[in-house]
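Next up: the structures, one after another.
One chain, chain A, appears in both complexes that follow, with chain B as partner in the first and chain C in the second.
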Partner chain A sequence: MSKIEHDRTHHAAKATGIGDPQCFHGEAGPAKFKVGDEVRVRNLPDLFYTRCQVYTRGAVGRVTEVVYESPAAEDESWDNTDQPEWFYSVVFRQKELWPDYPDLYENDTLETEFSERWLEAP
Partner chain B sequence: MSESTREQVMRHLETVGYLQPALHKPQHAPYPDQIDHNLYRAYTRSAHDVGGEPDVPITWEEKEEEQWELNTFATCECLAWRGVWNAEERRRRQNVDLGQTQYLGLPYYGRWLLTAARILVDKQYVTLTELVNKIDEVKRRHEQD
Partner chain C sequence: MAEGHTHPAAPMVDEVSDFEVLEMAVRELAIEKGLFSADDHRRWTEYVHTLGPLPAARLVAKAWLDAEFKKLAVRDGVKASLEVGVDWINGPPTGFGTPSDYCNLRVLEDTPTVKHVVVCTLCSCYPRPILGQSPEWYRTPNYRRRLVRWPRQVLAEFGLQLDPGVEIRVADSNQKTRYIVLPVRPDGTEGWSEDQLAEIVTRDCLIGVAVPKPGITANATRPVHPAVHPVHHEH
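Up next, the complex of A and B:
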């Protein structure tokens, strides 16, 4: 019987004593967006795996924090960790996400996180 | 562009809602022309991406973890520590790969446990034959007690 070699020990070794995502610090290059930037969530295919919530696609929000560097979920879930990306915390008006959201609560917001590939300038 | 994406999103959320009560709308092995893009996207989406779907309230229960649930958590963490998977691969497998029926139908740590067994088989740490024989052995031992 032939066995495929699945090496996941490199990840444990890299993160031990440092933490994850801290172990990817400095690997993503310059961040494309900064705090205060308006961004739109891209409508990329979400085949097989993603952690980008579908209800945010196409919505415009504002970056509140450039949070950390890490491989995107779509890569890391198959252990492809060579290309970390910046992650951003983005705040949306609830009204932007849910057309039927009551006007009475027009100041309500929702904040969630994205890897850089999911964002573009509006 | 943005407006049509938003319209798409709202339609998608409505469509995945149909998939949930599968008992009300059975569909088995449809012909290709019965699946339009809208349905295709709904079927192939990540099963855990449920935010915004129409649903009914569920009962909140204040409840401690059971012992097997704690054991399952520790087992899965050990599998990561020993390099069998990383956390994101575990999430993919237990939240998405097992499919919508199991994602919605099994308890939270039931999905963890099933996935821990599955990865050991997938990556050839144990054979399915060994696993099945072990389950059978434990089952019979348990029946004798």
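Up next, the complex of A and C:
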């Protein structure tokens, strides 16, 4: 991150013909969670930029898919692509996200993705 | 202008949002700075307006007819897209997707007891290479914030009322995955060809706010509300 003159084309050079997030494949190391794991969404500070929705913070869900490796949005928004992470698709019961969700529809769920830093064992 | 035609021309649009003003300002600055040319911008805009939901409808019809293709679509949406002519990775204009067209498509398979519906609560992420530009309502804060909280009520507004026993699964597309819904093949379509099936898979079905029905080949019309802050022309 000590680039004096910023290179605007480095992402294009890396991703052309490969795709994004495919171009970060193999850069995140071993995945911390696996399909079926219960996870809790951490409530980290998000001073400048985040894509982790506030309505999911603190909720417990289940990993349905280990989806891809990519820099977290919080880093990538500043063009810091040095440390890609695993991303996980997590399913929550709606009742877990919205405590007054009607009991009649207790089967309803919501699925969304998180980078690894946002998840912890419950 | 015709002789004696003195009253002011009607505005070309009802309302210009702050975001549209911001987009124009950033675009003009980028062109001035030489990041891209006005011609690049025109070509890109023309290109994205050629895209539409037909390839995704074709993908669903193929999946209904071919169990192996359905497995491929659910496992690897990007690869399955190739068979309906959409190349997420090498497609124009960039060859790696735009920042909101990341090359990761998941096809969400509905069952008689699970109904998927797609939203992006953060902005309006949408699988544009295979669905084209998102409808206006998909981008509204109203849809984005209410679908995650009251999915049944919002679907009912679209005319889709589901049995309490059906699990509604909202997919919030807020990272690099883009979603389309693979609905259940409706009754009354036995023996139909791929072309016939593709016709009833409307854009709304692919977002998940409608289910395909024989005879229904168009999206429901959404109410158009008058502008809250209409454009005023003083000249």
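Simple rule for what comes next: the second predicted complex is superposed on the first by the 118 of 122 C-alpha atoms of A that agree within 3 Å, B and C clash if a C-alpha of one lies under 4 Å from a C-alpha of the other, contacts with A are read in each partner's own complex, and residues count from 1 in each chain.
Please note the rule applied: contacts are C-beta pairs under 8 Å (C-beta built on N, C-alpha and C of every residue); 3 or more make two chains touch, one makes a residue touch a chain.
Bear in mind that the values here come from a model prediction, so they are computed numbers and not experimental data.
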> On chain A, do chain B and chain C fit together or clash when superposed?
Replying inline: clash
> When the two structures are overlaid on chain A, which partner does A:Ala31 contact: first (chain B), second (chain C), both, or neither?
Replying inline: neither
> Thinking of the overlay built on chain A, is A:Ala12 touched by chain B (first), by chain C (second), by both, or by neither?
Replying inline: both
>> Looking at A:Ala73 after the superposition, I want to know if it touches chain B, chain C, both of them or none. Which is it: first, second, both, neither?
In response: both
> What is the contact status of A:Gln53 with respect to chain B (first) and chain C (second): first, second, both, or neither?
Replying inline: both
> For chain A, which residues belong to both interfaces, chain B and chain C?
Replying inline: 8, 12, 20, 51, 53, 55, 73, 97-98
>> Looking at the complex, which residues from chain A come into contact with chain C?
In response: 8, 12, 15-23, 51, 53, 55, 67-68, 70, 73, 87, 89, 91, 94, 97-98, 104-105, 107-115
> Which of the residues in chain C come into contact with chain A in the complex?
Replying inline: 35, 78, 88-90, 94-97, 102-104, 121-122, 148-149, 151-152, 164-177
>> Per the contact definition, I'd like the list of chain A residues that touch chain B in the complex.
In response: 1, 3-4, 6-12, 20, 40, 43, 46-51, 53-55, 57-60, 71, 73, 76-79, 97-99, 122
>> Looking at the complex, which residues from chain B come into contact with chain A?
In response: 1-6, 8-10, 12-13, 44-46, 49, 51-52, 80-89, 91-92, 96, 123-124
